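Note that subunit A is present in both complexes that follow, paired respectively with subunit B and with subunit C.
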Partner chain A sequence: MAGEKVLVIGSGPAGLSATKELRNMGVDVVLVERESYLGGTPKKLKYSLLFPELRPASEVLDPLIKGVENSGVKTYMESIVEGIKEEDKGFTVSIKDKSGKIVNEKVNAVIAASGFEHFDSRRKYEYGYGIIPNIYQISDIERMLSENKLVTTKGTPPKRVAILLCVGSRDATVGNTYCSRVCCAVSTKQAMEIKERVPDAVVHIYYMDIRTYGLMEDKLYWKSQLEYRVGYIRGRISEFMRGPNDTVIIKGEDTMNLNRALVVPYDMVILANGMELGLGSKQVAKTLGLELEEHGFVKPLDPDRLPVQSTRKGIFLAGAITGPKTISDSITEGYAAAMKAYEYVTRGIWDESDFAKKRIEVTHH
Partner chain B sequence: MAQAKGILQLPDDPRFLDMAYDVQGPVPEEERNLLSNLNPQDREIAIKFWESVKSDFRFNEYLRGCLNCGVCTSGCPAAKFYDFGPREMIQYMMRDEVDKIWEFTNKKVWACVQCYTCSMRCPFNNEIAGLIMVLREYAVKFALPSAKEILAPYRRVLYTVLTMGNQVTPDMIQPDSFPDWGPQAVEESKNMDVYRKAIPVDLMQRTDIGWHPSLQTAVEMMTIMIESGVMDSLKGVDKDLYDMIMDIYEERKSQLEEIKQKWEKGELDESELPDSWLDL
Partner chain C sequence: MPIPNLEKPIIKGLIQKDKVIVDGVELDGTWNAFMIERTQTGYDQSVWDEIANTIEGATISLCWQCGTCTSGCTMREYDPNYSPRRFIDLARKGDKQALIELQDSLWRCVSCQKCTHRCPKGVLVEEVVHSIHNYLLKHGLVKRDPGTIFDELFLETVMKNGGRISELLLGGASAKAGFVTMSLRDLITMMGPLMKSGLIKDLMKPNRVKNWDRIKPVLEEAMKEEVVPE
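Up next is the complex of A and B:
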């Protein structure tokens, strides 16, 4: 084994865990990150407590970041991969930094872990996000919670809060018909965090289905009712209006009671915005020549059998770049991609599958 | 039944797959609605009605699925004022509940104002307002009592639309009919004649019609109404109006024929023609 090198793009949970594992196995890593810090979206948005264990995000992320910082990895911060050329048994990649300076690196394999971005709720114009005060997204609330600044425009903690699930997910009108998988858990968690801080607040979650799947059912959904008396109302909100005193009036149907629109004022409304591929990962997919699947995420070679291999030989995938995922799933995929990349650069192993080439019946929305 | 490939049929009404039914019978709420409660004649129509709606070429395209989310009903202006909601209808349709659809068509479907908010916002992209229109169309085709009752006050509108191609006529602007206009309606109604004469388009210088189609246009328009089945639908719900309009059609057709023949024979003297063919 002599001087094998792997390029990792993105330093979120997935990229960090892949980097760390490769280093543990003695492989050199070049890490390219668009932002000026390591840690990915959880750091960028300053996540507060993480579901399902309700522990501070730093407890999970900091050891990963430290591990990478101390492992002698060559890191290009505020940089992106701008070009890739196949050469001998590997690739030559050109990395461009903020000032436009370009550096070439020779690598044997690539792991793309450039993650997701949040759905921008302004695209759901009838919700008035960005126009009506006191409407936030779960991605805004994380920072407000972690910085202990959960207040309405009046400067006081909210007393009546509504959380609306599935914003930008499960919705053909915005073209996203998939479920973003984490937002039920995040919302339930945020409801509990709000009740923890403002015990007399009324918190209502408007839902179609509660998808706190697996072990999260009782850790989040049941707990939020047992210990915090969070209210669950079955119905999706159709529009918001600005009410007096900077309140937000919601219009929804309580679908357990036929035919009545609920018109209810709240002083804070939170939209559980979903996950999308985002421009960062689109840039990566375009540069590396990766294919996208029907929901717009990057397509693995075989979603069941080879989830961390891309459709291009020598390029591996990890984390939310292939679809909505939790942090622990992303970390696990980082391990898997590291192992697959290790097999590839040391012994040339690349599993084949014709799944991605098969014509897939695409649902029309 | 013409059916796009790959589109599944609706399931049988799930309530009738319940094994406890045989033993316990329907609960009181269901008993009120169940088809078996209808007299045999109505029952037959109800089933035929629903089968016709389902076999309409638009049905499977418009009805896609339902998250039961209530977005349609919560944005619906009609749901605000009536015991009516689009989600209710979509759910009955998805579950193939013919008795509920029957009840909905007879009592509720007319509350919709066809604003299409529901269709625009439905996250499953159902064409909800379109489905409502399909139900209404078949209600008219089947000459259901509710359709007759609903259309009765619209005789004048139907009459002007079908004979003139437009429905609101300037002389309808009377203070009584437009109280929400306030004093403006009084003003407008007083001087309507003058206002209309001032319009530099001679087709619009009358107050008893909105615009004045040529004889040929009027005949063509009515032919379209007949050929497309609109007149047939009307026949079921309002036979008198149908007869009246068909008489007018025959009359106009022969007038047009007469003028054409004269023209072909070179006998047409334009100075003999009236200013408006309506005065013929």
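Up next is the complex of A and C:
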């Protein structure tokens, strides 16, 4: 092997695991990260406990970060990839830092792992996020839990909490017709964390379906009811109103019990905002010339057979850039992308599929 | 589409026609069905807590509202408002008002245990339904139902009768409570066989169980105790 080099964009769980595996296989890596720290969205938002094992996020992320820091990777922090030019044996990429300085690097392949961003609940104006006090998003609550600052505007821990699922997901009004996959688990986990800290709090989860799929069914969903008495109320809340004393009044329907309109006060409301591609990954997709699939995520060459190859030869994908995913799935895809990139840079292997070229009709409602 | 029975009591001004032709278009269904607004403005979490802390109600927290219990329930066939699943849901939410509205159904469980055997979550449904009903009785939220009244009459008769059940006394008590009717003619008809068989003696002076004087205080003491899970 003669100095093969791979560019990895993004240092979340997916990018970190891809980087580490490539280093283990003796491939040089150039890592480009927009923020000033490694660890991706879980670090940025200071996740508290991770589902499904309910262990501190640092237990999972810190070993990954250390592994990369100690592996002699050339890292460009607070930088983005601004341009890419195809060469006979790979690409020349230009990397721009915060001050606008541009550096060129020659690489043989690219792994795009720039992840997702949270849905901004202000786009659902009827929920009053950012306007009515004491309305938060699950992405805000993680930090409040990990920094031990779970309090209402009164400065006291909440005694009545409502969590509304599927905010910005499964909702044609905001153009997101997919399920974000992790928010049921995150919400259930947060409900248990709240009850752990405030045992006499009332916590209600308003849901349409509970998707704590696979092994999380009993670990999260059953457990939250049996051990913590988290209440589940079926029905999607239609609006929130500001109540007296900074309470939030929800308006909904209890669809399990016919014709029960609900007008219930809470002192904290949490919106389970979903996952979207986000501006960071859109910039990556545009620069690298990657196609998007019908939900707006980056399109793999073949979602079943070649999930970590992009539609452009030499560019691989890993993590939430291709759709909502858990941390363990993102790490696994990091491994997979590293292996495929290794085969590509050492032996020129690139699997083909005409799947992405076929037109697929997806019915939207 | 026919209106589900559960909804009927809360609908006013119902007009139902099997077939109606309007401007040559055939319609069927229900018109003028206005729902009476009933708004739930707050749930009482203490209901769930209190029921889950009783021995009978301990498994209430397992329920995931699948409806297996209700769909096979014996009583459901006779009473369309009878739904163990729904009772559990309302109790867990603490929707007391809705439970009070269901008081003529809540007590009707015949303890056949079909629900308990079939529940995929291991909820002891029959026991939980009783614990919900007991909760409402204990807090004076529902009127005393015929089932409870009969249970009390039964126990009273047994205690009065020296530890044995006397059909005649129980019959008399039930008649007084209005569960059965007993006319003078019924009494006269019964008297003949009672005299002839000598059972009349037993009625006048009941044949007590052995050592009744010692058993009675034990039973009385046991009835006073309230069982609380550890």
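The criterion applied here is as follows: the second predicted complex is superposed on the first by the 363 of 365 C-alpha atoms of A that agree within 3 Å, B and C clash if a C-alpha of one lies under 4 Å from a C-alpha of the other, contacts with A are read in each partner's own complex, and residues count from 1 in each chain.
By our rule, a residue touches a chain if its C-beta (ideal position, glycine included) is under 8 Å from a C-beta of that chain, and two chains touch if they have at least 3 such contacts.
Since the model is a prediction, treat every value here as computed from it, not as a measurement.
Q: Have a look at where A:262 lands relative to subunit B and subunit C in the superposition and call it first, second, both or neither.
A: both
Q: Counting only touches as set out at the top, which of subunit B and subunit C does A:254 meet: first, second, both, neither?
A: Both: A:254 reaches subunit B and subunit C.
Q: Of the partners subunit B and subunit C, which touch A:237 in the superposed model: first, second, both, neither?
A: first
Q: Have a look at where A:202 lands relative to subunit B and subunit C in the superposition and call it first, second, both or neither.
A: In the superposition, A:202 contacts subunit C only.
Q: Answer with first, second, both or neither: which of subunit B and subunit C does A:99 touch in the superposed model?
A: Once the two structures are laid over each other on A, A:99 reaches no partner at all.
Q: Counting contacts the way the document defines them, which residues of subunit A are shared by the two interfaces, the one with subunit B and the one with subunit C?
A: 254, 258-262
Q: Hey, which residues of subunit A end up touching subunit C in the complex?
A: Touching subunit C: residues 202, 204, 221-222, 225-226, 229, 231-234, 254, 256-265 of subunit A.
Q: Provide the residue numbers of subunit C that touch subunit A in the complex, in ascending order.
A: Residues 4, 6-7, 10, 35, 37-43, 45, 48-49, 52, 61-65, 86, 89-90, 92-93, 95, 98, 121.
Q: Using the touch definition from the top, list the residues of subunit A that touch subunit B in their complex.
A: 126, 166, 170-173, 208, 235-239, 251-255, 258-262, 365
Q: Which residues of subunit B touch subunit A in the complex?
A: Touching subunit A from subunit B are residues 67-76, 79-80, 83-85, 87-88, 120-125.
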